[in-house]
Amino acid sequence: MSVSAYVLIQTDAGKASIVAAEVRALDGVASAEGITGPYDVIARAGADTINDLGRFVVSKIQMVNGVRRTLTCPIVEL
Amino acid sequence: MSVSAYVLIQTDAGKASIVAAEVRALDGVASAEGITGPYDVIARAGADTINDLGRFVVSKIQMVNGVRRTLTCPIVEL
Amino acid sequence: MSVSAYVLIQTDAGKASIVAAEVRALDGVASAEGITGPYDVIARAGADTINDLGRFVVSKIQMVNGVRRTLTCPIVEL
Amino acid sequence: MSVSAYVLIQTDAGKASIVAAEVRALDGVASAEGITGPYDVIARAGADTINDLGRFVVSKIQMVNGVRRTLTCPIVEL
Amino acid sequence: MSVSAYVLIQTDAGKASIVAAEVRALDGVASAEGITGPYDVIARAGADTINDLGRFVVSKIQMVNGVRRTLTCPIVEL
Amino acid sequence: MSVSAYVLIQTDAGKASIVAAEVRALDGVASAEGITGPYDVIARAGADTINDLGRFVVSKIQMVNGVRRTLTCPIVEL
Amino acid sequence: MSVSAYVLIQTDAGKASIVAAEVRALDGVASAEGITGPYDVIARAGADTINDLGRFVVSKIQMVNGVRRTLTCPIVEL
Amino acid sequence: MSVSAYVLIQTDAGKASIVAAEVRALDGVASAEGITGPYDVIARAGADTINDLGRFVVSKIQMVNGVRRTLTCPIVEL
């Protein structure tokens, strides 16, 4: 895949564990882990283009029950 | 129009695409595009006065289904 | 160009006007305007790939004197 | 004046008191008070147009020694 | 009153105007105005003690329909 | 307990007082107090491990009615 | 003391440990601990009035070398 | 190692690339990548205890030239 990103996820209260599990099971997601701090789950996802990545986040990750906000941070080789 | 602004929009999960389309169709909106990062949609809107602009954001953009928060950034010629 | 982005720029105090002018003059920048609110200047830039875009922001926009922080928001067709 | 705004000011450490006093003394500033929380000083300023207001913040308020960031919030009659 | 504060209010989408009017009508509130930016309404309120002020915000201002979040910034004479 | 943390809690409008009382009553919570500013309640909690602490916040504190967001800040001996 | 507050402190890079130690040694500070997350040190301080507290933060805590920003959160009995 | 964390890093303007390379070379850091958005570099680091992790971030990562702020997000198995 040519574009990868870290997706920082805020969940509804009490939903971090189940959100991490469901996001981890999505095709295109390499990992999803619970974290403490301003975000509750961090996932790494990939797609062919930035448009595909944007659509994946909106149509798949944000559709997981308990996801409140996502912050997509595309990885760039500087 | 004498006052223009960028309006940074956060949407409900999964609603960025439809929000962008509906905001783009509003009279007074020049453009509305999906973006990744802390905001989901960025629109450019104009009005005759800052009061008109404020009313437009509250009564039109915020009334679009799926809009959660807006951040209005008036353009200033410095 | 295949990837475009809005770049939200925070400047050092008193530098918004000159930063907007210098960023606007960069190759690859379509527009740069002063705004009020949490950000001081908003620019629209394009590049061939997300990596090129990332490098452009770090090596050109962030190198403009008076730029403190940038927030790159790639445009996605959702 | 046709445009007024609250300006939320973050100062350098230890400078809130002197910043409040200097901002209060500026022509066009109606009040400036120290506050606790994410901002250190809140001022109320007015100008003829939004452009004048933007220029005033950049060229006068941000020029006060000890001002780190300002957040201009134009007042709108909704 | 011995403690005054600015209260920065975020409202539900489309509710800024009515929230400003209802907050303005509360006893103990000196002013409430609509603003653009990260906050939608700014009010100035006073009470006898910081505890009274905290209770007033929670039991009166936050009870106004359409108020989502408040950020209380007590005024301090530095 | 080997890991302690401050937990900064944002509550639903009007719920700070009852949230503080319910969180304070949880086993593993040393204190919970109402505060003004970006957060509404601050609690201090402890657990045997960072994993236990994370689970405690998600399964106990976030389950208290009226808790909207929590920000867990583990204490570190630097 | 009639007003107490938690003070959330952001430090310059690498300075959290020494800032915690110096703040802890100030008269009027009950505790100061290193934390991870958006803030680096959390202190608890008290004063006779909210004005005294504000002055203490500006003239004592912010004067500690390495303190970049403070966020004062007065405790309120709700 | 018993505690791992993602560390979200903000760098000085223009320094993201060199910061990523230097952080990646630190013992205890598994990866460090450039990203776009509110943070410039994301690293994954591990240590034996949360205290060791906190010390590592303050004494190693924050000591890298060009690092402005770090946000440590410990991974929790929920």
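Order of writing sets the chain letters: A, B, C, D, E, F, G and H. Residues in each chain are counted from 1.
Note that contacts are C-beta pairs under 8 Å (C-beta built on N, C-alpha and C of every residue); 3 or more make two chains touch, one makes a residue touch a chain.
Keep in mind that this is a model prediction, so the values were computed, not measured.
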item: Listed chain pair F-H, D-F or A-F that repeats interface A-C [over half of contact pairs the same by residue number]; value: F-H
item: Most distant chain from subunit E, judged by the mean position of its C-alpha atoms; value: H
item: Identity of the chain that, by mean CA position, is farthest from subunit D; value: A
item: Proportion of interface numbers common to subunit B and subunit D (over half same, under half different); value: same
item: Pair joined by the larger number of C-beta contacts - A-F, D-F; value: A-F
item: Superposing rotation of subunit B relative to subunit F, computed on C-alpha atoms, to nearest 5°; value: 180
item: Chain centre separation (subunit E, subunit G; CA means) in Å; value: 25
item: Chain centre separation in whole Å, for subunit C relative to subunit B (CA means); value: 20
item: Whole-Å gap between the CA centroids of subunit C and subunit F; value: 39
item: Touching two or more other chains - residue numbers and ranges from subunit H; value: 5, 16-17, 34, 36-38, 50, 53-55, 58, 71-74, 76-78
item: Touching pairs among all chains present in the structure; value: A-B, A-C, A-F, A-G, A-H, B-C, B-D, B-E, B-H, C-D, C-E, C-H, D-E, D-F, D-G, E-F, E-G, F-G, F-H, G-H
item: Residues of subunit A that touch subunit F when the two form their complex; value: 10, 13-14, 16-17, 34, 36-38
item: Subunit B partner contacts - residues on subunit A that touch it in the complex; value: 5, 50, 53-55, 57-59, 62-63, 67-74
item: Subunit B-facing residues of subunit H, complex; value: 36-38
item: In the complex with subunit D, residue positions of subunit E that touch it; value: 5-6, 16-17, 20, 33-39, 42, 71-78
item: Residues on subunit D engaged by subunit B in the complex (per definition of touch); value: 2-3, 49-51, 53-55, 58, 74, 76-78
